[in-house]
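Two complexes follow with chain A in common, the first pairing it with chain B and the second with chain C.
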Partner chain A sequence: MDVLITGLLLGGTYALIAMGLNLQYGMARIMNLANGEMLVAGGFAAFWFWTGGSISPLLTIFIVAPIAFVLNWSIYKVFLQPLVKRAKSRGQLEVDSILTTFGLSFVSVGVMLALFGGNYFNYSYLSVPVIIFGDTYGANRVVAFLAAVAICGSLWLWLSFSRAGLSIRAISVAPDSARLVGIDVRRLSALAFALGGAVTATGGALISTFLTLDASTGVVFTLKALVIVIMGGVGEVRGTIAAAVLLGLLETFVATVIDPGLTLAAAYLLFIVVLLFRPQGLFGRRGQ
Partner chain B sequence: MKRRTLAQLAVMAVVASISSSAAFAQDVIKVGAVAPKTGPLAGGSEVSYWPNVHLWVSDVNGRGGLNVDGKKMMLELIEYDDQTNPAETIKAVQRLVDQDGAQIVLPPYSTGLNLAAAPIYARYGLPMVTSTTTTDQAAELSKKFPNVFITLGGAKPIAQGAVDVLTKMRDAGDLGNKIAMVNVADAFGIELAETAKPAFLAAGFEIVYESSYPLGTQDLSPVMRGAKAAKPDAFVAWSYPPDTFALTQLAQVEDLQVGAFFTAVATAFPAYGDLFGASVEGVLGVGGVDANSSVFQEYASRHLAVTGAKPDYWASAPVYASFQVLEKSIEAVGLDNAKIIDHIKNTSFDTVMGVLDYDDANNNPSFWTVGQWQGGVFKGVASTGREGAVPAIKKGAWK
Partner chain C sequence: MRMTEAEWRDLVICLLCLGVAACFPWMVGAYWLSIGVSIAMFTVLSTSWAIFSGPTHFISLATAAFFGVGAYVVGIGIDYLPYYVLLPIAAVLGGLLAFLVGLATLRLSGVYFVIFTLGLAEFLRQMITWVQNISGTKGMYVLTSITEEHIYWQLLALAAGVWFSGWMIGRMRLGFALRIIGDDETVAKHVGINTSRAKVLLFMLPGSVAALAGAIIAPRYVYIEPSIAFTPMLSFQVVIMALLGGTGRLWGPLVGVIPFTLLWEVISISAPNQTTLLLGVSFLVIVYFLPKGFVGLVASIKRHSSIRGAQ
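Presenting the complex of A and B:
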């Protein structure tokens, strides 16, 4: 029980880390290597509001999300749309966007260093025990998990049932054909990218309540997000959630029952096994 | 396109000539510093290293400059970010000497980057008074690179210091025999855990929980829960900054009740005390200072005034002290590197960490090994021959 809940909580954290990248890579077709920096920036914002004005990170996310949305929208319009326009194939767009966002990640690290310095930053928020079924858990982790459930749930509902959501999914499946049925591919791709950025920054604000971050840690989260997105299936919200929870459960199980030193090995073993048997990811469609 | 590039070059040349002519207007020595501003170790160097570089340059210039052969020379600082990448450290040192014309090159940051850069410092004949390197191989190192000095101590004395402190506390009745020991699976954590384990066993302790976790683990709850389930009397973690913070937070969430709680790197950071407030009372960690000495207090208040941050209670003072060693040696013998190295070997220096006297192996034999948060200050409780240690106290309840 204890392992199950700890694993679920960790899975929620992972879902927060990976969901934004899934939107950006899966829907907007931009492999965003600067994703982790957006997450750290969200964490910085939460830290700044909390230490500066005692504004709870749970309220901060309502400030962070719109700002991140606008910022990512602009990044997409200025840096990425020209690439989308000139790309002849999905492969070319992927290579171009990897190179561009790789550069962007350095720029973001530099900007954050200039603004906030290179220090570790962390703060104590809801660092109190919560008792669930007789075991104690950190309240900040439980809150982040609940937020992850809310964010992922509403994203899934939106993508499955709203018109804009369906259109975005159409783009992720067949960007060229989507235009033929009257979908404004450029606008909706920008929307998906901006939304992904907003989700990532929100995730960053939430996990900064229990993780110590610094300006250079972004790449760690980009890598984790990438593993989860690929494992779950590119462009699949359910896949990302499933992969995140699976990874959380597995790592916690291995850490508790076998040895904490083997969590990384177990995570990558799972990654390899999934790719061997389902190269398209857990929920991915073949031939995409 | 070509024309624009030319125009840019012209502008750059003009700007460069203006700024360099301004610099040549007075007697200036260029001082080079290279350390992480990005990458995994940036968080640590921004606490212990960079503020001291700025403080030292500001102190020396505030006194009217460095006294070189009877002439006052102002210091001009050139900073490079090595991105926590040894190859970049080496390149930056080459650039500082060959292109920038730096006459003083300060040592880099961390054990790994210092060891990686030692050959290039040796090739240029630069004195390398390291201040953030912990190594037990000082003797071999100085045989190979006679220009290298070790200030911060080694892993063995640190592990032994922790064992001694816990043994004393056990003998005083503060805690029982059972120890939970965890470590980060990285060179530092592994080396200290491997050194500490036999020492704990030899001192009659029983290790009831032992595990390691990968660097960058995002959830250490299973580790803390496993440790708690083993009902230890003392918790020892050979940890890095992010996990030091995470483990302490989890110990409070899980309400781990032990007589001694020890975490390694970053326990001595002022940010640690700021974050956990009154809860840190009695927390043990690597490092320590003679908190009551007026020299340290005066240094700490200058550090705060000039850099806007408090020094940490472990490496900060040794970092500044190593710059003082260079400064005093240059003032004594001028800018001749061979003479400077010779002077450092044969002189005992008065510094912010007290007297600093390198032995025949270029090693500073007396350094702080274990400190403890007491009344909002991280005080030294064990050392290899430093004065001013205070007795360790039992860890009370988390607040």
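Presenting the complex of A and C:
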């Protein structure tokens, strides 16, 4: 029971991060390997506001999200759109965007190392116990989970029922045909990319309330988010959420029962199983 | 096998260059020899990387994983077996691991391959750390009488072997198949090439070469632990050096390895925290300014001047 609820709480936050990546990879078609660094930057911002001005991380996300949105919009416009324009095929764009975002990821790690140093950082926010079904959990985890659920839920509603959401889903299914029905693919891809970055940074601010981060942990989160997105099916919102919860449960199980040092190994094992038996993802359609 | 006059000439030039390179340890001091070892190591790793990733466009980040496997073969086996038996074991294990990884991922799109290979080194590191925690051993000592010169010569021989295999593959049916796959995979499938098989077979080359390099380098470390053997940075350095030089020619990676190793050395002495920044900037430079590496740059300058000469 303890493992189940801790895993569920962790999975909720993972869902938020993976949603950010899914918006970027599934909708904007950019495999963003600098995603984890955006998360760490969000965490840094929350840490900075909390220690510097005692501003609650829950309020910080309203500052972090717009900044991350603008930042990712500019990254897309400056670095990625030229690649989209020059790419002759999907494969070419994939290779280019992988190399570019790796570059961006290393650059941002370097910048964060220079700004904040290589130390781990954590802070204590809402670390009071909450009792659920007779077991105690940190209030910060519960709050982060609730916030993640609220954001994921509103994203899902927006994607499912708004006109912009519909257009973005159209891009993710058929980018070439989307243009024929009058969708501005370029503008909406940039929008999806920027939104994905904002969601990830928000996830970082939330996750920093209960996890310890440092400048170079980003890649671990990138890897986890990638595993979740592929497991859930690229471009699938429900699949992403299900896969995130699954990963959260598995990781918590492995950490408590076997060894806490094996969490990434567990995620990786899950990834191998998915690749071998269901490469299109749990909810994905074949032949995309 | 018949060879043309030009090929004989190239062969003689290559042998001469290798001969000069082999004399390197007698010409310089200990510091430059250690840089020579780094250059030889990265030449081996980047060239074998480029033989696979050049034609297939699959970016492998598994170099660190294979390298670590090789280092660990020596670390575990040195107490029981003679050193020169461990080298082929490392090569076989590296090739086998590459075969398994290739089987699981190479039939899928390139993105899956990148992610899978990115995680592989970290996965192995966590597993080995865990096994060591259970069994209570921490690191391992590799105490041998092998000197820096020996390591350098072994790596040089390995580099010659890699160049030779790359040249051979280019002349074989496999190399021909790979060029078609690189141009257009759909076409390759339609003319009856088993694309997955060709890719898996080829991927075993960088796998076993990197493991072999790890095994050769292991005596230099003396003390081996997971975080030393499986440094993720290694995979990225190899990718950058190969792309910087250019993957279109066999000697292309070498052109990237030498300046980048020297630059890396300078940066890590003067500003050790900024090596990640250097990696990042290099990636961006490659994508935006040198998409075909130095080799492509030279080729396009040549083309320009010959067009101008014709006018």
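The definition used in the following text is that the second predicted complex is superposed on the first by the 271 of 288 C-alpha atoms of A that agree within 3 Å, B and C clash if a C-alpha of one lies under 4 Å from a C-alpha of the other, contacts with A are read in each partner's own complex, and residues count from 1 in each chain.
Assume contacts are C-beta pairs under 8 Å (C-beta built on N, C-alpha and C of every residue); 3 or more make two chains touch, one makes a residue touch a chain.
Being a predicted model, the structure only gives us computed values, none of them experimental.
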item: Which of chain B and chain C A:V70 touches, first, second, both or neither; value: neither
item: Chain B versus chain C as contact partner of A:F210, first or second or both or neither; value: first
item: First, second, both or neither for A:V95, with chain B first and chain C second; value: second
item: Touching partner for A:A174 - first (chain B), second (chain C), both, neither; value: neither
item: Which superposed partner A:P260 touches (first chain B, second chain C, both, neither); value: first
item: Partner chain(s) touched by A:L115 [first = chain B, second = chain C, both, neither]; value: neither
item: Partner chain in contact with A:L10 - chain B first, chain C second, else both or neither; value: first
item: Chain A residues contacted in one complex by chain B, in the other by chain C; value: 109-110, 113, 118, 216, 220, 259, 261, 264
item: Of all residues in chain A, those that touch chain C in their complex; value: 31, 79, 82-83, 91, 94-96, 98-100, 102-111, 113-114, 118, 216, 219-220, 223, 226-227, 230, 258-259, 261-262, 264-265, 268-269, 271-272, 275-276, 279
item: Residue numbers on chain B that touch chain A, as the complex places them; value: 36-40, 42-43, 45-47, 50, 84, 182, 185, 211-214, 216-223, 225-226, 241-242, 245-246, 249-250, 252-255, 266, 269, 271, 275-276
item: Residue numbers on chain A that touch chain B, as the complex places them; value: 2-3, 6, 9-10, 13-14, 109-110, 113, 117-120, 122-124, 127-129, 136-138, 141, 210-212, 214-216, 220, 224, 248, 251-252, 255-256, 259-261, 263-264
item: Complex contacts: residues of chain C adjacent to chain A; value: 57, 59, 104-105, 108-112, 114-116, 118-120, 122-123, 126-127, 129-130, 133, 232, 236, 243, 273-274, 276-284, 286-288
